[in-house]
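Should a chain be cited, it is by its letter among A, B and C, assigned in written order, with residues numbered from 1 in that chain.
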Amino acid sequence: MKKKLISLISTVLLVSSGFAAWAAGTPNSSIIHIALTAPITGDYAEYGNNFKHSVEMAIDEINANGGVLNKKFELSVGDSKGDPKESAMLAQKWTSDSTIVAQIGDFTSTCCMAAQPIYNRAGMIQLSPTASHTKFASGSKWSFSVYGSQYWEQPVMAALAVDKLKFKNMALLYINNDWGVDTQKSFKENFEKRGGKIVATESYFQGETDFNAVLTKLKEFKPDALFLATMYNDGALISKQREKMSWNLPVIGASALYSPQLIQLGGTAVNGIYSNVSFFAKDPDPRIQAYVSTFEKKFGNTPNFAAALAYDCVYILADAIKRAGSVDRNAVRDALASSKDFKGLAGSITFTAERNAIKTYKPVQVINGEFQLVE
Amino acid sequence: MILEITKLEKKFGGLTAVNAVDLSVKEETIHAVIGPNGAGKTTFFNNITSIIPADSGRIIWKGERIERLSPQAISAKGIARTFQNIRLFAYMSVLDNVITGTHNHYKSFVWGAISRNARYRREEKESRELAMELIEKVGLADKRHEYARNLPYGEQRKLEIARALASKPKLLLLDEPAAGMNNAETEELDQFIRALREDGLTVLIIEHDVRLIMSIADRITVLDYGVKIAEGNAVEVQNDDRVIEAYLGKRRA
Amino acid sequence: MFLQQLINGIAQGSLFALIAISFSLVWGLLRMVNFAMGELYMLGAYAGWLVVMHVTPNLGVALFAGFMVGWIVGWLIEKVAFKAMRGVPHIASLVCTIGFSFFLKETASTLFGAETKSMPSYYSQTAFTIAEANISWLQVLMVAVAIIMMVLLQLLFYRTKVGLAVRAVALDYRTASLMGMKVDRVTSLAFSLSGALVGFVGVLAAIYYNAVNAGMGFVPAIKGFTAAVFGGITSIPGAILGGYLLGAIENLSVKFMSSGYRDFVSFLILIIFLLFRPNGILGKKTKL
């Protein structure tokens, strides 16, 4: 009963605020109003705040440089708390405000997908920095994700393995779930295309802690190197057990290995492991350094990949508006969809027909207990 | 009188298994309880040992009422029993089975086992020695490491008696101890029970083997349909009309 | 590499065997399965981790801490899920242990965070090498500790009055109570002991795999239970045999087929085996 009452009241408030906004007037010609949906509080607050800080920073920069089409950006921020219901409510709010051109957010795929039908019906861009579910962007012509997919990672890793590291025979170890199977397959295809040979493939199920048997078996095939399609925690465990077996060989893996936790858990055993990232805070690229240092100065923490992706969202949106030459929602959507080789902080972005980003990735390696870019 | 029972009654639904039974047992005697199948003998034993408490009536043991006590408390008072349907620990050695009978006498438990203090070691030794002594007495010394379930029926009965004796009882209740024994074993049992009486024990025994009963019982109580129908020495009971009727009459006809 | 897999299997089998003993103990006393066994293992691992990280790097103290935490939480589970539920249908106790399983897991991940914690390595150097197979000191230590634990248990059960009482209660609690044994106390004691044992194993596993997290107990608990059933759940020697056999089969099966199937293979063997010997390897021959 209480719940019903609350949702009734909030609907009334939403609708009336929508009217208020509508009454407040037709688009002000000198601003570009955009909305951000992010988990500012709750379990994902760290990411939500990274979103918010980055988006505010990007907007300030653009406005300081004269804006786009002689208009300044204006931002409205909504806290979804990581709750799909909240995310959908915010979608109602944004779509009922005719001044809003586009929405950036939300953080989780679940939240994005809960809000998706609302943006779709209203015809408003829903640009998510981090929604990784492949079915998200393809679900509506108004939905975009700049996150990319592991599918675009593996060409980079295969090139690294064959061209730079000169591996010929490799062994694969993957976690037996959708993600692990796809990642492993994608690496194998790319590696074989370049003339490499996979000599052994093994898998394990979620929750396994004993990798001695699998490693012992893989070792028998005497591969040049090992590819891991695993999360960082399993990756650390595997590396420790491999070290104990005194089996020393180069290891490369998916971007899921890229986490400070890998080094914390794996210690010396993970030294030398290769992974890849789309955004790397210590990248010497001056644009990235400028971003990271400003961010650190303003907010006191190093921006993570979610922050960089949110930052890219603002700029790719600004770019689309410029190319569309107007703030008409349809024109901006079409321009956004045709973005090509957009140079973001977290890799360049080209959208597929299903509005998922094809991205570029940079190989990294653990050297002396720290990730470093591979030249 | 070491045990005095008055108006003991136990009903199972509509069936009165023990019906207002009075019974007095004199110290250091062998007192038999006999009666046709289903007469209520075992139920009577269960009432005394509180395994199935009586509905009403009084049980006085050495001047103290015990009918509301728990089975453990009654065992601690010095009343031990054997079972008509043998209840040994089947997958436990003969020796260990008897040692379980000594459980009540010893105080130290967890802490003792951890610290292995002097008292604990003494108690373990004593209970082991007592158990060995009893096993020898019933002639199972050679089989002390066998599982109880691997013994022949007659020997299992002996083992149950040894276990009951391990609690150093004053009163021993035996429920059909000769069942499953051959003639030689029954003869041994006869001697054994007499020896217990010489050692100062009081024995209450249920038995169908008439020869054994007539030979050892100092006094006999006869139950039929839960009711005490006769009491006396062997000769008196054998010549009682109601007893003859109960045994030879309607049911055996 | 056959030898190496066998060695891996024996090391892992030591863990399975000790967990299996715990399941056998609880089954023997209560004809019940404690579904929170994996979480007792996990809590033991956290206790060991806390000791090593914050108190002392002494492994003995860490193992003792795991043992004690397992004991205390085991005791609590017995009080709530079994003692308080006496007379209620058995299923209520089972569900209650499932509840404990979730509760303890959630508590641990709230208390310590969801991320995996790293446990330092101990004795990871190679002890000796036989025909290309490496045996680490830790593996030697694990097997040794497991065997010492089993010998101690055997002494406890067969050489002490407490052990006799546990066996008596397990075989026939009614008769045991007639012998003056306090069935409740004996049950509680043995249940706590089973918890302590898995808590202890949790620490061993944390060291062996260098990792501690809230979900770590699930798979080992299932394996331990399987090992117990495999060996004959009513028997401790059976549980031990089952543990080592399961460890060996799992690791050796990897040699012949993809490791993704190794759980499947061991369960398949188990099911086929149980079709012919429903009481496990040792089955009804021995009890506790």
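A few comments on the model shown:
Criterion: a contact is a pair of C-beta atoms (placed from the backbone, for glycine too) under 8 Å apart; a residue touches a chain by one contact, two chains touch by 3 or more.
The structure displayed is predicted, hence computed values, not measured ones.
Seen from the Cα centre of chain B, the chain whose own Cα centre is farthest off is A. Relative to the centroid of all protein Cα atoms, the closest per-chain Cα centroid is that of C.
A straight line joining the Cα centres of chain B and chain C is 42 Å long.
Separation between the centroids of chain A and chain C, computed from CA atoms only, is 41 Å. We define each chain's centre as the mean of its Cα atoms; on that basis chain A and chain B are separated by 81 Å.
Residue ranges of chain B in contact with chain C, taken from their complex: 49, 51, 71-72, 75-76, 81, 87-92, 96, 99-101, 103-104, 106, 108-110, 112-113, 123-124, 127, 163, 167. By the touch criterion stated above, chain C contacts chain B in their complex at residues 156, 160-165, 167-168, 171-172, 174-182, 189, 286-288. Those residues of chain A whose C-beta lies close enough to touch chain C in the complex are 176, 201-205, 207-210, 212-214, 216-217, 219-220, 233, 236-237, 240-241, 243-246, 261, 264-267. Partner chain A is touched in their complex by these residues of chain C: 1, 4-5, 8-9, 11-12, 115-118, 121, 124, 126, 134, 136, 138, 205, 209-211, 213, 215-216, 218-220, 250-251, 254-255, 258-260, 262-263.
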